[in-house]
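What follows is chain A paired twice: with chain B in the first complex and chain C in the second.
== the complex of A and B ==
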């Protein structure tokens, strides 16, 4: 029995099959990488959210506890214990207590935090600003409400006092 | 031969696609779960922090309202101004205390709750809504105040806060039950409503015992020893003018509406 073989044709088939298999293998690798990347990014995103949450929560509780801390102050030669939140309110009434307040803030938060204590009317809390947002690859300037970052509390007074604490290295 | 190869190739392709779809599905569902749980943690923290911020503000409101109410009662010498037996001593513009016009327990307690409610409501309206708090309308919470012995209880129904979140994979609703109840112990603020009645009885007794003495002011002063008040006495014709002030400093809005931090004064004239 004589077999007639077209050697050139066989070589072509082998090359064609090999290239096909390589393409399939490459496609599988690419799909796998994309899937892993997709999966991996999800993990990273969750970790970022959780870390920010822990820090934000720690800051919030720290400020919450500090505002309730009591301090002894001198009022017309008489000692009286007041809460830190009351000292903040008092410093808005009598500017002489501002120095004591600044010292207490520095003692508690040093240079790690940026803090802000200001009296505002309720309508002044939402600040309308503008943000550049990309929609379908086209950058657009749109109005947006500027949100407060960091931890904050409000102290009731004639004008509501806003106390904001923001860790410096997160800015 | 060629058909066999094509068959193997097709099987390979199908297997490859099954593996790919499996991995892709697994990656998709895991990512969805991870992102959702991340957002849920974030929202739970935001709500808990909102509860702290609101409670802190409202506790401050309760304290300020209680001192404001105490100031308002002292300003009118703890008597019912509408009572026809109550008169004003024109020389000093002080209210005059007598057996027909004196501080009464029930009236003081009712007036305290009324003034407390006014101040509480004014401050509640000033609660700012910004950022995460927008749209929750916490200012519209309706409180009912009750004074039970030394504790003023401000109760309101639980406020359900709801938000809708949309992610790339899902849209879901989050709700949080905010408990707005506040209990304030007045004695911790050094506010004692009984003081007005004690002051009336003690000063009245001292005046009755000392009015015939040569130096009645000194005699009266020696008989008065209020723990939380300092006293000044003056004689004016047959009556005695009493000017008392608290040892403690309190926050309150004065008659011109300015926030102040001062001692609260109680001025009255005791009719002999």
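== the complex of A and C ==
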């Protein structure tokens, strides 16, 4: 009687282990599929990052060199040589220079890219919410602006100006 | 009688352990197989390499967006280029410098129209730069073969 019960017990053990093995195998497959679906396969992910990097390089250098370019413009009847960064400042003070600025932007990037250039004050950005961020141990309330792609440069002025170049396509 | 039962019990115990050992091997083998499949994928990192080479060259010939010297030698001095595996075509306005295996450029063109199995990785960039305050277009075309290591 004991012998028979032992045999039954052993058979139960084997069935239990086999089911356990199948469950473990299924879990492995499920985790593998989930991890691939959430984080993607390596190749795809690397390709995306690189496309962004390629554009960032071009945006950064192209905007930086353009901001340093000097042009001659008429200020109060006098011809003066100023940098593009100064023309942006000027266009914020006197709206008449906005047309010259737009022409210069088109002249610079029109043949190279489909682009988007913006010179804005922080309050002109779409503020989504405010966040408390600790900088050097001091808590500060900062606006969380809408994520904008492209390269940013800060132009020191009476009012803060951010210039942004976003390349949409190469021509 | 007890002795016999003990012997049988020992044999049964051993048989159960063989079964358990088999399961253990299967589970560990499965985990190893899944990890190996996931991480032994060959990654095509040529686009990263192309991007890095292009950035190095631009930073070298046009630091801070201003062209200092534009010549074949100046580009060659920037970084070592494996001419059997790379084709580099850099244009500044009307000037042009081509270095490396030119056939790769044809393959890059062909890839746009047909499906090439062992294709090179192709990169095209355009920069706005200044040369003596004159605006210039700096174009970079880069093709990398290295199919054996990446595909």
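Just so we're on the same page, the second predicted complex is superposed on the first by the 95 of 171 C-alpha atoms of A that agree within 3 Å, B and C clash if a C-alpha of one lies under 4 Å from a C-alpha of the other, contacts with A are read in each partner's own complex, and residues count from 1 in each chain.
In the analysis below, a contact is a pair of C-beta atoms (placed from the backbone, for glycine too) under 8 Å apart; a residue touches a chain by one contact, two chains touch by 3 or more.
Everything numeric in this text was worked out from a predicted model, so none of it was measured.
Student: Answer with first, second, both or neither: which of chain B and chain C does A:24 touch in the superposed model?
Tutor: Both partners, chain B and chain C.
Student: Quick one: classify A:108 as touching chain B (first), chain C (second), both or neither.
Tutor: A:108 contacts chain C only, not chain B.
Student: Report for A:14: first if it touches chain B alone, second if chain C alone, otherwise both or neither.
Tutor: A:14 contacts chain C only, not chain B.
Student: Does chain B (first) or chain C (second) touch A:100, or do both, or does neither?
Tutor: neither
Student: By the touch definition at the top of the document, which applies to A:153: first (chain B), second (chain C), both, or neither?
Tutor: Only chain B is touched by A:153; chain C is not.
Student: Classify the contacts of A:53 with the two partner chains as first (chain B alone), second (chain C alone), both, or neither.
Tutor: A:53 contacts both chain B and chain C.
Student: Which partner, once the models are overlaid, touches more of chain A's residues, chain C or chain B?
Tutor: Looking at chain A, the partner in contact with more of its residues is B.
Student: Quick check on the superposed pair: does A:32 touch chain B, chain C, both, or neither? Answer first, second, both or neither.
Tutor: A:32: touches chain B and chain C.
Student: Looking at the overlay, what does A:66 touch: chain B (first), chain C (second), both, or neither?
Tutor: A:66: touches chain C, not chain B.
Student: According to the stated criteria, A:164 is in contact with first (chain B), second (chain C), both, or neither; which is it?
Tutor: Neither partner.
Student: Return the residues of chain A at which the contacts from chain B and from chain C coincide.
Tutor: Shared contact residues on chain A (touching chain B in one complex, chain C in the other): 13, 17, 20-21, 24, 28, 32, 35-36, 41-43, 46, 50, 53, 57, 61, 64, 68.
Student: Looking at the complex, which residues from chain A come into contact with chain B?
Tutor: For chain A paired with chain B, touching residues are 13, 17, 20-21, 24, 27-28, 31-32, 35-36, 38-39, 41-43, 45-46, 49-50, 52-53, 56-57, 60-61, 64, 67-68, 75, 78, 80, 85-86, 89-90, 92-94, 120-122, 125-126, 145, 147-148, 151-158, 160, 162.
Student: Would you pull the chain B residues touching chain A in the complex into a rising list?
Tutor: Within the complex, chain B touches chain A at residues 2, 5, 9, 12-13, 16, 19-20, 23-24, 26-28, 30-32, 34-35, 37-39, 41-42, 45, 48-49, 52-53, 56-57, 60-61, 64, 123, 125-132, 134, 247-249, 251, 253, 257-261.
Student: Would you pull the chain A residues touching chain C in the complex into a rising list?
Tutor: 6, 10, 13-14, 17-18, 20-21, 24-25, 28, 32, 35-36, 41-43, 46-47, 50, 53-54, 57-58, 61-62, 64-66, 68-70, 107-109, 111-113, 170-171
Student: Spell out the part of chain C that touches chain A in their complex, as residue ranges.
Tutor: The contact residues of chain C facing chain A are 9, 12, 16, 19-20, 23, 26-27, 30-31, 34, 38, 41, 43-45, 47-48, 51, 54-55, 58, 62, 64-66, 123-130, 133, 135, 137.
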